[in-house]
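In what comes next, chain A is part of two complexes: it sits with chain B in the first one and with chain C in the second one.
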Partner chain A sequence: MSSLLPNRSKTSVLVFLVPPLLLYGVAVLLPIFQSLFLSFFRWDGITDPIFIGLENYVRMFVRDDVFWISFFNTLSYLVICLVLQLGGALIVASLLISLRRARELVKTLYLLPAVISTVAIAFLFQRIYSLDPVGLLNQFLQWMGLGQLQQAWLSNVDTVLAAVSIPEGWRFTGLYMLIIYAALLAVPQELEEAARLDGATWWQVFTKIRFPYIRPVWISTTIIAATYALRGFDIPYLLTNGGPGQASELLTTYMYKTAFTHTDYGYASAISMFIVVECLIAVGLIVLLLRRKADA
Partner chain B sequence: MKTSRVRLAATAMVAAFGLLLTACAGGGAGGGNTDPTNVDPDGEITPREISWLLSRPADGGVITAMKQIADEYAADHPGFALNLITTPDRPSYIQKYETLAAANKLPELFDTDATPFAKKLADQGRMIDAEALLKGLDIYDDYRPAALNYQRFDDGSLYMVPFEFQLEFFWYNKALFEEAGVEVPESLGDFPAMCTALKEAGITPIALDGQDQWPLERYMAYHPFRTAGPEYVQQLKKADAKFADDDGTAALEWLASLGEAGCFAEGFSSTGYADAQALFTSGKAAVYNIGTWELANLATESLDPAVRDDVDYFTLPLTPGAVTAANEYVTPSGIGMAVNTKTFDPLMRDFLAFALERYPEVYAATGALSPTGVESTIPDNATPLYARAVEQADDVGEKIAMPWDTQLDPTSNTRLQQELTLLVQGEISAQEFIETMDAVIAENGPAAFD
Partner chain C sequence: MTALIATAEESSTPRRPAPAHRRRRLNVHRTLASVIIALIVVVQVYPLAWLFLTSVRTERDFAAGNPFALPSEVTFENYARAFETGNLWLNILNSLIVTLGANALIVLLGMMAAFALQVLGFRFSGFVRGLFLVGIIVPVQIALVPLFIDYSSIGLLDTHLSMVIPLAAFALPMSIYLFSSFYEYIPRETYEAASIDGAGPYRIFGQITFPLSTNTIVTIVLVNSIFIWNDFIFANTFVLSDGLKTIPLGLQNYIGAMGNIDWTATFAAVCITITPLLLVFLVLNKAMIYGLESGATKG
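What follows is the complex of A and B.
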């Protein structure tokens, strides 16, 4: 530490670092440990908690089919969100770089959904997906002559998960686009030009120069997007509340229902512990995968 | 030595001051009444602001009437105010109220159904015994027995005061029925044929708000209520009866047949309350199952003239060999109001005496059905159907088809609502439903009703 900050005393570093660390401990670590503690109890909030050991975890892993359905739904939700957010962001950012005029306008337009409130977005998409009265999507299919594809997107168990993931993916594409765009701007033009003079194709320029250059930013963006998607809650909750059946139930919506509708705080804590571990594993995997590629 | 004595004295003083503060806090919370049957506490009436955490429409009859009554009371009792905190969306409300209950921060008055959670609060002595309260105020006999019975727990105890009385009907469009050549169903078994005929005529048979779950759950309650009576769900929720029993299986086969016949509009599970009602009031759907709280929208001139004269209603049909009578169906008295024991003091008693005495008259003047027998004022713009529906309230039988969402433990209830949607959409069979739900209730039911 002292080598990084040669002119500062250890005390002054501590004075500045300890308060935020304490705040983090109280606001983040403490609730996690409280949840861990509570996950060994059966508690409805009003009667005395009963210690049941690992029973909540046994129920979660062995007997609860909704938990597993929610887990796999969460993974699908994650994949759809990541593809839309990162893939979309990369494409838009690359196009933006080659745009000569109106860059600011396009950036603002893409960023707009990230600013709109979630409730408004959920309401908007409810109307877009609606079948009766006919919503935008079904109307569009009609115009394209694909009337036979019209359906109630939020009521069909085969389409609902994608239907609730898309708004979440769509709204943050602009935000990640901005981050990646900033990274792409920093790629040295002379390197690209030299490669092009040597006859490198567009794809080679992208994979050999641009992407390696933005890789650190790409890792951070993937981590942010993945943890956000794993914690995704509001849009699925508002659009379908996990239904029909459990077709769009995510671990987060299931945990929320377990705690606040079923007043089963112990079991909800066990699910929340799983979410914490799942997020840590996901971040670990992403870092590992992308680092290994970088070394290769 | 001297310093340690000073220190000791200081500690003692701090401790005494702390105790004093705690005592004051206790006093501030209304004397800390602990006896739920003590409905006539001693002491002086000291006006203060009280709160009612409730789940009713912000501009609805109950709130309008109670605001007026609170103003009248405040005129004679300066310093009094009734703070109404409403969350009309029921699931959000329940979360808010249960979280406040867990934090021991419930206000003077709060709304609740006769749920397992409310029973626990009652067992802990946290709600005033409503039967003792109403008898103490000498107004118990004014109430419609059905309105009180709806609020009771299974053991017959009463902890909530009703503020409404509703009848749930199947509203239907006579012109659409005629167009499809169908009659009002005489038995529940006639529903699938009715739906098929309507659908073939290009009409949406039944408008259903699937988003809120409870409207579909009503259909779950109907068949067993006819074949086995109100006791079925009381046993089922404790896993003493099963869906695999004859009554349960018959009900689920009936529900599956409704789905197969296409009774509900495609996409019903994401249709909201207003959209479902619009399907009926715009003349697209033939049947709409809803209570008399919608009289102003279904039986007055505010209804689209194109369908106004075609709207009629029928009550829950029977089944062959039904054990409940034709005049027994879903007749709820709405979510009830509970009185917090801890904050019950002479002021609360005095205000409730005034308010509950005055309420039926003020409320009935808005055209709504009062939980007591006071006659409702029929609005000037009402259609003849309005008066007929209101009169029907005086001919209600003893047994009530209880909405299942107030009966089952919350975990089983959530799962039941999910599986019901899947069953009616044809995603699962009645047999799969039975296996899943019997297992879920066996896991959660008995524990919730210990």
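What follows is the complex of A and C.
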């Protein structure tokens, strides 16, 4: 690109560019290569690392059941987060558009959970799911006459994965609502009005006018939400640490345990390389799927 | 923006009077939408209100059962006990240090990189831009093991800096992106005039680009502060000693130690840790909402 300052020196470019590149290189880029490198070794951090080639990857894909359990748990976690965050965001944003007053108030209130730390959220949900003393959820079930459903949601292997996913969905739905709301505001009102006068139903207006209009924003929002869900860690780690058994183990919590509880740095690096690749594949798939629909 | 559209809606109504039944249906829709929104907002906010309500209950009241009931009497002793038992003041101080340090790096280095990329320009700027973009997608977990090893070999483990470095580095790409897209709008003539007056790149950066960036700086600091203040994973991995623990870790310690012994004081401790950011958010919510919107849609 051309410079706006014709007589700037090469040194000045370096002065401005090197410090940010250095920080970024040391803390983001270098670790990617270090992880790749370490993933070919067996290393406990104390004795000398032993080069084992692709052995960590073979172990991961072929012999490690926990890896696969964690992988499928991560996918479920991803689906629950996306449905809550994007589905909830789209519904609330669409409703908010039709509201006349209090839009700013709703935006602010809906966004509140995004400001709370994950440690506080984990504590809050522990109390919500609690059976003894009876938490909000179980108390609510009793009032609804569904007392037989009362249980310790975080100890039941069938419910724990959903129970650790919901707080993450709850936390960020406000953020995605803001983005989609801003996109919906840009949809031309005359177009929708004209379609309605022609007798188009609410659903037709939505699928033929609104959604195509916000599709680019929808794609980038889905990418952000998906990559954030795939790296989700704090809440499952704090609520159950993957348990009971491996019922709520995600790839991230499994990687963390492998690295810092079992100090198996090589294998942990292989898992974290997989998490990176998984994020890249997710981004590719989202772009591909949402674009193809546009062509059809 | 919202106000503009709201007035546009109202002014268009009298021009094109809808038939009575249509208007009634529209009103029913509006009311229904309001009711559903109100319900959703209650579900969204009630858990937070419940935290605060429980934090002012007496222990006897809490043990009595019904979690939905309003407190029978209001007490602030829970807060006194939370401050006594925990290290909360120290945790808040540590969080302030880390948040300020990381924000300073994010803003300064972000401006510098954007200035080099957007204003100075150089041959491989496209490649460098691409390098920085990688950081938006890459999950932070990739850096944990390598940084842990690097830190322990150079003695940086268990310092404030060990948290500041990765927090700043992973936020840098978005910061560079926002500054760059703002610098695009600074007119070329501004720079030409300064160049003719004999100003070099350093003076132009200090006297033109930096002062013009104030709004973008506010946006970036507000948005990043939320994530840095609440960071758990880097703090949990790189910090071991109690004296350095930030709020999330201090709170986790407190919950671990007192969570099953002194329930109501634990609720108070949780409320103490979330209040500073909640207050900032409620006061500055317009700026923060704007920042979150622009940060996310431009990314």
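A few remarks follow.
One rule holds in what follows: the second predicted complex is superposed on the first by the 269 of 296 C-alpha atoms of A that agree within 3 Å, B and C clash if a C-alpha of one lies under 4 Å from a C-alpha of the other, contacts with A are read in each partner's own complex, and residues count from 1 in each chain.
To be clear about the criterion, contacts are C-beta pairs under 8 Å (C-beta built on N, C-alpha and C of every residue); 3 or more make two chains touch, one makes a residue touch a chain.
The shown structure was predicted, so the numbers you read here are calculated from the model rather than taken from an experiment.
In the superposition on chain A, A:Val66 makes contact with chain B only, not with chain C. Of the two partner chains, chain B and chain C are each touched by A:Phe260. Looking at the shared chain after the overlay, A:Gly45 reaches both chain B and chain C. Which of chain B and chain C touches more residues of chain A: that partner is C. Of the two partner chains placed by superposition, chain B and chain C are both touched by A:Pro133.
By the touch criterion defined above, A:Gln246 lies against chain B but remains apart from chain C after alignment on the C-alpha atoms of chain A. By the touch criterion defined above, A:Leu154 reaches chain B but does not reach chain C.
Note: residues 45, 133, 260, 265 of chain A belong to the chain B contact set and to the chain C contact set alike, using the contact criterion stated above.
Residues 1-2, 5-6, 8-9, 12, 29-30, 33-34, 36-37, 40-41, 44-45, 47-48, 50-51, 54, 62-63, 65-68, 105, 109-110, 112-113, 115-117, 119-122, 125-126, 128, 131-132, 134-135, 137-150, 165-166, 168-170, 172-173, 176, 188, 191-192, 195, 200-202, 204-205, 226, 229-230, 232-233, 237, 247-249, 251-252, 255, 259, 263, 266, 270, 273-274, 277-278, 281-282, 285-286, 289, 292-293, 296-297, 299 of chain C are the ones touching chain A in the complex. Across the complex, chain B meets chain A through its residues 91, 94-95, 98-99, 101-102, 117, 120-121, 124, 204, 210-211, 265-271, 275, 279, 409-411, 414-415, 418-419, 421-422, 425, 427-428, 443.
Across the interface of their complex, chain B is touched by residues 44-47, 63, 66, 126, 129-133, 151-152, 154-155, 157, 239-246, 257-258, 260-265 of chain A. Listing the residues of chain A that touch chain C in their complex gives 1-10, 12-13, 15-17, 19-21, 23-24, 26-32, 34-35, 38, 45, 88, 91-92, 95-96, 98-100, 103-104, 106-120, 123-124, 127-128, 133-136, 139-140, 170, 173-176, 178-179, 182-183, 185, 189, 193, 217, 220-221, 224, 227, 230-231, 233-234, 238, 252, 255-256, 259-260, 265, 268-269, 272-273, 275-276, 279-280, 283.
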